[in-house]
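For reference, chains read A, B, C and D in written order, and residue numbers begin at 1 within each chain.
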Amino acid sequence: MRRPNDVARNEGRPLPASPTTPSPVRIQMIEDSQPPATPQLAELYSDFEASMMVPLWTQIADLMPASPASRARAHLWRWSSLLRLAERAGDLVPVGRGGERRAMALANPGLGGRPFATPTLWAAVQYLMPGEVAPEHRHTQHAFRFVIEGEGVWTLVNGDPVAMRRGDFLPQAGWNWHSHHNATTTPMAWLDGLDIPFVHATESGFFEFGPEDVDTTATPARSRSERLWGHPGLVPVSAAVSVPSTPLFVYRWERTDAALDDQLRLEDEQHPGVLEKGHAAVRFSNPSTGGDVLPTIRAEFHRLRPDATTRTRREVGSSVWQVFQGRGEIRVGDEPWTVERGDLFVVP
Amino acid sequence: MRRPNDVARNEGRPLPASPTTPSPVRIQMIEDSQPPATPQLAELYSDFEASMMVPLWTQIADLMPASPASRARAHLWRWSSLLRLAERAGDLVPVGRGGERRAMALANPGLGGRPFATPTLWAAVQYLMPGEVAPEHRHTQHAFRFVIEGEGVWTLVNGDPVAMRRGDFLPQAGWNWHSHHNATTTPMAWLDGLDIPFVHATESGFFEFGPEDVDTTATPARSRSERLWGHPGLVPVSAAVSVPSTPLFVYRWERTDAALDDQLRLEDEQHPGVLEKGHAAVRFSNPSTGGDVLPTIRAEFHRLRPDATTRTRREVGSSVWQVFQGRGEIRVGDEPWTVERGDLFVVP
Amino acid sequence: MRRPNDVARNEGRPLPASPTTPSPVRIQMIEDSQPPATPQLAELYSDFEASMMVPLWTQIADLMPASPASRARAHLWRWSSLLRLAERAGDLVPVGRGGERRAMALANPGLGGRPFATPTLWAAVQYLMPGEVAPEHRHTQHAFRFVIEGEGVWTLVNGDPVAMRRGDFLPQAGWNWHSHHNATTTPMAWLDGLDIPFVHATESGFFEFGPEDVDTTATPARSRSERLWGHPGLVPVSAAVSVPSTPLFVYRWERTDAALDDQLRLEDEQHPGVLEKGHAAVRFSNPSTGGDVLPTIRAEFHRLRPDATTRTRREVGSSVWQVFQGRGEIRVGDEPWTVERGDLFVVP
Amino acid sequence: MRRPNDVARNEGRPLPASPTTPSPVRIQMIEDSQPPATPQLAELYSDFEASMMVPLWTQIADLMPASPASRARAHLWRWSSLLRLAERAGDLVPVGRGGERRAMALANPGLGGRPFATPTLWAAVQYLMPGEVAPEHRHTQHAFRFVIEGEGVWTLVNGDPVAMRRGDFLPQAGWNWHSHHNATTTPMAWLDGLDIPFVHATESGFFEFGPEDVDTTATPARSRSERLWGHPGLVPVSAAVSVPSTPLFVYRWERTDAALDDQLRLEDEQHPGVLEKGHAAVRFSNPSTGGDVLPTIRAEFHRLRPDATTRTRREVGSSVWQVFQGRGEIRVGDEPWTVERGDLFVVP
């Protein structure tokens, strides 16, 4: 190695990470690893630590596994339990500026107690009491809401009031202003999905507060976004541009139900349509591009006929599933579960 | 100019286009053009002709105009007249293999009597008598049908029967098998739009005959394509791939009507949506991409409030318009027309 | 057909195309076509003509052929002949404003004497005498130049002087200002390729004059575009945006030669690279997208080893080929030709 | 909240995460947070922990900061120190199967001692002794090598030997087989860059071992990939397809040097090209797309004139910089450093 003179002067001593703080690097000597554990090696490792360096050869098994052995684990949360806890939080925890939302996140047992359902996805039960307002804010995290039961909350997205009802799917791209208010006399719970862990890992989150109160308490049955973008295959000429996240803020249950039903009837008539025998599935898509509703989250709705069995799948991406209706047997890895309405489980 | 020896031997005489046929090239000497009309120039031009060459300087005004002065002209066809002619053709001209369709094309007065509505678009009235079948074929030309009135014909697209009813728009990408059959006791007429002139100019047309009779005379109210692709923002997971032409074979009038109505109501409530004051417009789009329904044809539906006036537009592409309902004043260039239901006009 | 009352009143008479001018539509009755040639049919056809309508059934064979039987024909032009004619034009025809260029276009024998090499491509020999200037203009037509021999002309593209030398390929997107000037004491000829026929058919041409004289007579060996974009795989951060046409204004012969040579050497070493046995080929590409250099024109350079034979191809697009060096046998359809340096031929 | 009967039976007790293992969830009561710290709240939090749930309101400050306050810190590593440590590792640590590479990664002081230069990037010094072979493997992580000094190692990428020399940049998409061998009598060090932290966070890593020895010890001056893809604007017709990662395996210093030099000369002549005054910059790009060389890593080379000062930038993405030659002052946040050849620093 040719080393020019002008950088030779520092050779004697590695530059310490900082004169006053100890290095966080800790290198373990591994018995059956390549280099024998000599005093010289110990000294080298110590100098690595002081220099903020980590050798690949002590870390490669963890960093570069043969296949992604996810730290996340398959796990099941019962809706009945989640709801009971949410109700108790409704009694004890106010909603407002600062805490922002009465949302309780699923914490995957494999992820060290962090509120992450999978390494990239956040899933939480949000609960709003009669008359309550979850104050306006916006953030770069992409989000969706899915309503497993109940109705009566309106989400205001950039001033557009969107009713939430059982079966509705409400995607919402990052950086849209949004708030929720419960216009009824009963509480309401729903599922919040976000890409918080992904944004956290890539450190790309921005957040901004809006007003504490909602702009409008109007409760229209249809949002403005549905009126502009909710007509199949019809895009407004005034806005006919591709946008990376869907301009349609809600996908109504009636439509999803009809689409799934149509697939099964096509199967009855022996025409293509279902994903596999007895298994209908639709993907929520951005009508301005035909692609996924959100850049970081794919969302689908699946329906199985009674007694239908899906083939075993192996996937690289992680996913969170919620049972909308019915009851069934699920097997994730070695975990067999009987699941029913509202139950949530993670496929890591 | 350095000219190597090995190509010098042909210099004496230009190679004739063909020993036996005269050249089709004819070069005019233009008085006020640059070179003076000398005998030498005449001889050069004669040799150009024999050599199948044309100088730019005699053609540039036609070939490279300052702006596209379309040969096509603004023109209006009255639906009542077209329909009367179509009815007479119904009496005199059978439908079947060879002629393929009882379609009568609009011939733009500026395009030399060719059946081209504009330099790139074909528009024709097609007419089908009770019980008749227009036999199956396919072609690379992209097509759509638009139903100005009537119902009772089913178009079979790759075996999928698609009902045609007033207000429906039926795009159909090139190379799909298709036929029509009239399942009623009354005739039916509709508008056929194709890119025949474009394909003709680029010489990219292929055509293939199918069976003379239809596979099925089933008359379902909804086609299979609607059941798979007609749900807003929902794409079948079994087929979730981008395709260049729309997989949805019909855009129903009820949906288009509702979308246009929604835009005008949003305007009533002072929200964005309309294209301009009193002017709602939707674009028919491919749900798998969000883009245009066909690679070569853009299709839109516009609605004007009573007394609304659109701003004057200048466009480069050519277009064909048909009045769906109501009555109005149109001005194209210097042509002012009062148009009503069914009337067709060309903007060159 | 249900016809509402309000459009019934016009039924009696079709609206004439215009009261004063005769219709250009002429419909032929074809003996072996479907409808028998009755007086009623003749009257219908006459009314079609008056109404500017053309039935599909008399035109379908021409409009929708089973496969594109191009009107264009395979044809060969000898470079030696073209050059001799160009030299004579150099003596007789000045270059300047109005005629714009001393360019002589190849007229395909199948295209009626029009200056079109194929239905979509223009190919012309341009010839510039010592000291001459072809004045600045711009147009929406996309263009390229290819230098079969000689050197000494600079093309100014938006003020950037680009030297032209044997083997160089100079693409130039529509709407760039450009002019040429010959800085030497010998004439120079080259091939101009444009999409004039395509733009003519789609009526999308705009054209604008610039100054009659060139901005600069500088004769640098390398253009500014080469300095910014001519480094393989390196794009300037100041301009790193995808543009639809190449920002590199010239592809030098030395580079093309080396690339083709490299492919043949890879073949010698039994590695992939050549298109087929003994046949190297490169495509000129837009470094900002990796795609074709121009939206409407694909350009490639092919090299065959001595005695190599390419497989027979059938293509849909039309092409123009020029022999850069060597001598060979070409077969297009039934036409066998012996071609040599500079010869041009069309594959329709 | 309407709760149907059939899910009521589980209400009494939340389902524990697992009967035998304690939950990893730990919820802190925060004094100045919204809900008062009552026994009821403590019990709720305890039940949250048992149920694998985490409330948003205790975590939001960390999870959703107003702007990304990266855990990573600006940090500087001296090349001279790194090289000295690498040399000592050369003496003590063998290279071979298992450890795979003698690579020493930069550990950002803010990332807890993990071998991550930034939250998404890995940067390591790799060191190979005379005659050594780093055995073949492949992984989904994307990688590049950059040579700060020395030469004599060949990287075999899918069997293609690529010479490594000072200034060369060698990107290598995930899942390509690769190995290194030192064909000289002197050691060689270089910089390895990978997206290991990103792949780790998204758990998308696969890894596979190849043979322990190299297929070939050939030491050609040019790789096959350069011969196919290293010609500016020329793509092989045999392979002209867009691929997401660059098919060109090395960007030679001579080319980068010339491109940067050209930009500064254009600036001398007052033409556009540089990024800002005195600051030339090129981006390494994929010749098949014009886009970034790798899906997850952007790579650029910058050159500053003596005494040039760049404007202050604020960026969201993280980056690692290495000084190729010269000496200068750098300020990252509040850190002012004098840097010289080889020094590496992180901008978080």
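Before moving on, here are some points about what is shown:
The rule is simple: a residue touches a chain if its C-beta (ideal position, glycine included) is under 8 Å from a C-beta of that chain, and two chains touch if they have at least 3 such contacts.
Fair warning: this is a prediction, and the values are worked out from it, not measured in the lab.
Chains touching both subunit A and subunit B: none. Counting only chains that touch, the fewest steps needed to get from subunit B to subunit D is 2.
Centre-to-centre, using mean CA coordinates, subunit B is 25 Å away from subunit C. Here the CA centre of subunit A is 52 Å from the CA centre of subunit C.
Centre-to-centre separation between subunit C and subunit D, using Cα means, comes to 46 Å. Contact with two or more other chains is made by no residue of subunit B.
Subunit B meets subunit C in the complex at residues 1-4, 6-11, 13-15, 17-18, 21, 23-26, 33-35, 38, 40-41, 44, 47-48, 51-57, 59-60, 63-68, 70-72, 75-85, 87-89, 91-94, 96, 98-109, 112-115, 119-120, 124, 139, 141, 149-150, 186-189, 196, 198, 200-208, 316, 318, 340-342.
Listed in rising order, the residues of subunit D touching subunit C in the complex are 224, 227-240, 242, 246, 248, 251, 255-256, 258-259, 262-263, 265-266, 271-275, 281-291, 293, 300, 302.
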